[in-house]
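Got some structures for you, see below.
Shared chain: chain A. Partners: chain B in the first complex, chain C in the second.
And then the complex of A and B:
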């Protein structure tokens, strides 16, 4: 009797599945196979810029520039991917990056006259701790004070950058050890692949493996998918969310060191749209802003959309401010597509 | 089944207020090993509140809970789980983006042996294997262990939730209106599942509004009304009229 019931159940399910799959749905599905779609969009952009300015855009040097520009954003976006997967958001990443860089620069100035590997080591520890601190503050406010992540990180976005300016009097510090600039900043593996890019790729790989294969990743996805379900099975949701925001803070701290190495100063004014760019990259890549769906590979592809646009606009002598307009628009479209996808699925 | 043995779980004189609402007013409830007992009552009778107390989601204001005759404090869901009590909530509490195996093992993941396990690497094949076994043993009609739960029918989701509870419970499974959102065929399948859980030696509490369903699946029925237990029946010795009478207050048992 059960077998029969199950067959009927199956038949009903099949019929429901068919009903929910008319032409339009298939179109949506194709469009929303995000990573593939974004890859094509990126390819289209590359082709367009190449056709318009082949000699300037498609050179090895320029492609390397794009990769370098993407690397710092990628590290921030990896943290952002963990956060967004829990259905949270971290608007403070750029400010935490700047703050960490400022703290590192201040500390390094005190070590060996601001030069040498000892200074780099101490500075790195300082940057990581500074990032971890703000990640912890975000996490505690979200889990213990139960404030919405949007508000908490909006507050720290403003406040932390303010602190960074207070610490420096608003002036960019330039105490970056030469060894850091020469290695991580402009150095390349085999003279080809910039260390900045390698560092970002290593972090991305570790993050991808963590998300896909470990308990940490499983809990991250589960909490974003249904926080209540996670709580009821006994997962310590608050502690896990705290860890996730901590990871985002620490990665912003690493980003702070990368930024120091690349720009040779604390670039206080240079990171006010990092949050927009990282959130856009993550969502474009296919991680759902509503939580529960994560793809680190998507984020890796996603960060090349804002960076390639920026690069292409500069080369085409279009005002680069248009990039911000474009990224904002792309973010909204990506979230809309995300929503379509979710509705199509939930109707099944 | 029944009165010869000691109750597995007893609620004695449970009180629970929410502000001015007196949800439970000295409520009793008994569950014996290896039986399906139906908890019925009209809206506002206190069924959901009692279930939450038995599952450790909410503490009672007063009264005591005895597990195998010993007083216990169910301060949180894990306390109930440690006693071998699992609850299938009305909203199922599944993570829709995860597959059935991930849901079955949620919060109890198996990790790989050795150093990888220490790092938290999941043993996905072993969990999938055990999930297949669990579904097979219970005859749960779940076609795929690897698709997201969100893409599955209500009946399949319910089966996953019940299978999860049955897998981890070893004494008692509480099911809060398991068929409320299901069609006729799917409801039957879930009720069969409940009986099979009982046949594996566990006690099952089913909260339901549906009288024919209650008469079909349960061994005993306990009736709540206005926050108290007002009647108890053996299912084989009662009928729809008696149950409805007890629910509405037309029939009162003195010794309930």
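And then the complex of A and C:
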């Protein structure tokens, strides 16, 4: 049963296609696999922007800026990928990020006058715990109270941000240790690769391995494929879902520290659309909104598409509103491709 | 088999349509812009000897980008109009780039992309006094002149100049306008936006100060926050009216606060409560004409934009600049709304 399940659902599209029609040419599969398709679209954008403004777009500085701009959203989107793979959704990520940042800032202000590595360490622990706490609350309400994830996380989306404002009186806190800003915020490995980007990529890699090669990943995919089937083969679905929302919360906590380091304050007003951006990135990347199909690499690409578009449009001096139009169009096309893929598979 | 073939073909079609659409949207607006940046590759704004392809005037043509605090806001659109007018006079290529949300998380990526496009100068309304400091220093290091418009930084010394209205003074003017409407008696309150925004905080403080100094007989009931939601402002006002029937004057510190306050008053069936609003976009002017609001404190965003370009060009030409420029306010009422000297300050939804 379990084996069947895996065979049917875990495999990414190209592998399915290969099994079904071995004679099919590889490049056709590539183009029709939604992750590959979106990767090609990203490359197409990069080439187009490079051709149009090579000296501005393709500079090391600019590419680094794109990567930095994508890094925090990438970490949130990794958590979102796990959640969406279970056919769930987490609307609360941006609010949990803000809350974690606020708690960290409050705690850090009390340690060593708000400066130094000790403060950073304590603040990081506080941010992770705060994120884990809200992840657990989401998970418990979804599994024990059996409420739909959309409603639970919509509630915590508003409520958690409210708590963050209660803690600060609505005012952004600025007690961020200089060492954190100088290292994680603006520092670079060997003076080249920003630490924010490294952190995001390390998390993405670990998540990719987890999803593909571990029991945690297999359970996540199995539950998304069919919760009932997963239950029958003996997976403790509730406990696993709890863990998935916990992971999303903890990653939002990490995002909170990254945001503090990058923006030097708690940016309470700045994360209202993080949830929608992360969901869009995950779906653009090829993870199915209906569960059961996951791709961390796709999420990585999915995060870079809106970021690259925005950057390129600014450099080409295109009216800013077109960026929103373009990102919306990419999302719809990506979901359409996903739908076609599913329909094709269902016919086999 | 046949059906999957069809599906496959349509998938390829979708893919190509998508790519074409992307390219089309990327090029759609490009025709008037993509050709000009090429010029400044050859001649990166050096001050002498690059006049060969400039036309009649022989003036340097500068690329300047304006980054407002948020896109689609009439205050900033008016600033853009002022900047555009000055740009045409001075032969500047003006580009406007911004984010749809007033937040450093959205503004910094835009700013960084603008820096990569290598303009000669940037006019920016920083959305945070600290968060924008570092990115703007990078711009200065890249040889870009910075002019701060509307809002400012913790350390504005990196900029050529800072231009904006003194919101504290605007709040004091609101207190005087409201005090006069109320005849110097009764009770007043402030409906503000949300704490932590430097401009609206200053308006509230200025208002409270003005009330205490000039209108000692008016009881001040305190400041409430609408979170920029008209519905919340309406609730606050109707609840306050129920508790304090003496309330006869409200300062709505921005558009939605004033609009919600007016709704709250209507709900309670009162017509003896005065509202003073801030800013003069089309919606506020409508409020004034309908009698929902009795006075508006009007900033001068066109002036901020115009002077911003002038200062930037002066800096690029190596001419003297001013360290700080304060633009004033006018008070608009139903009586003076159509006077030319007031009408020229009203904000615009498009240039």
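The definition used in the following text is that the second predicted complex is superposed on the first by the 301 of 348 C-alpha atoms of A that agree within 3 Å, B and C clash if a C-alpha of one lies under 4 Å from a C-alpha of the other, contacts with A are read in each partner's own complex, and residues count from 1 in each chain.
The definition used in the following text is that a contact is a pair of C-beta atoms (placed from the backbone, for glycine too) under 8 Å apart; a residue touches a chain by one contact, two chains touch by 3 or more.
Keep in mind the model is a prediction, meaning the values are calculated, not measured.
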item: Chain B versus chain C as contact partner of A:154, first or second or both or neither; value: neither
item: Partner chain in contact with A:222 - chain B first, chain C second, else both or neither; value: first
item: A:316 touches, of chain B and chain C: first, second, both or neither?; value: second
item: Partner chain in contact with A:233 - chain B first, chain C second, else both or neither; value: first
item: When both partners are placed on the shared chain, which of chain B and chain C touches more of chain A; value: C
item: Intersection of chain A interface sets (partners chain B, chain C); value: 348
item: Chain A - residues contacting chain B, complex; value: 1-2, 5-6, 8-10, 12-13, 16, 213-216, 218, 221-222, 224-226, 228-230, 232-235, 292-293, 345-346, 348
item: Of chain B, residues touching chain A in the complex; value: 77-78, 81, 89, 91-98, 102-103, 106-109, 111, 119-122, 124, 139, 141, 143, 148, 150-153, 155-156, 183, 185-186, 188-189, 192
item: Contact footprint of chain C on chain A as seen in their complex; value: 21, 28, 31-32, 37, 40-41, 44-45, 48-49, 52-53, 55-57, 59, 61-62, 65, 68-69, 169-172, 174, 186, 259, 262-265, 267-273, 307, 310-322, 324-326, 329-330, 333, 336-337, 340-341, 343-344, 347-348
item: Interface residues, chain C side, partner chain A - complex; value: 3-4, 7-8, 10-12, 14-15, 17-19, 21-23, 25-26, 28-30, 33-34, 37, 41, 65, 71-72, 95-106, 108-110, 112-114, 116-118, 128, 130-131, 134, 194-196, 225
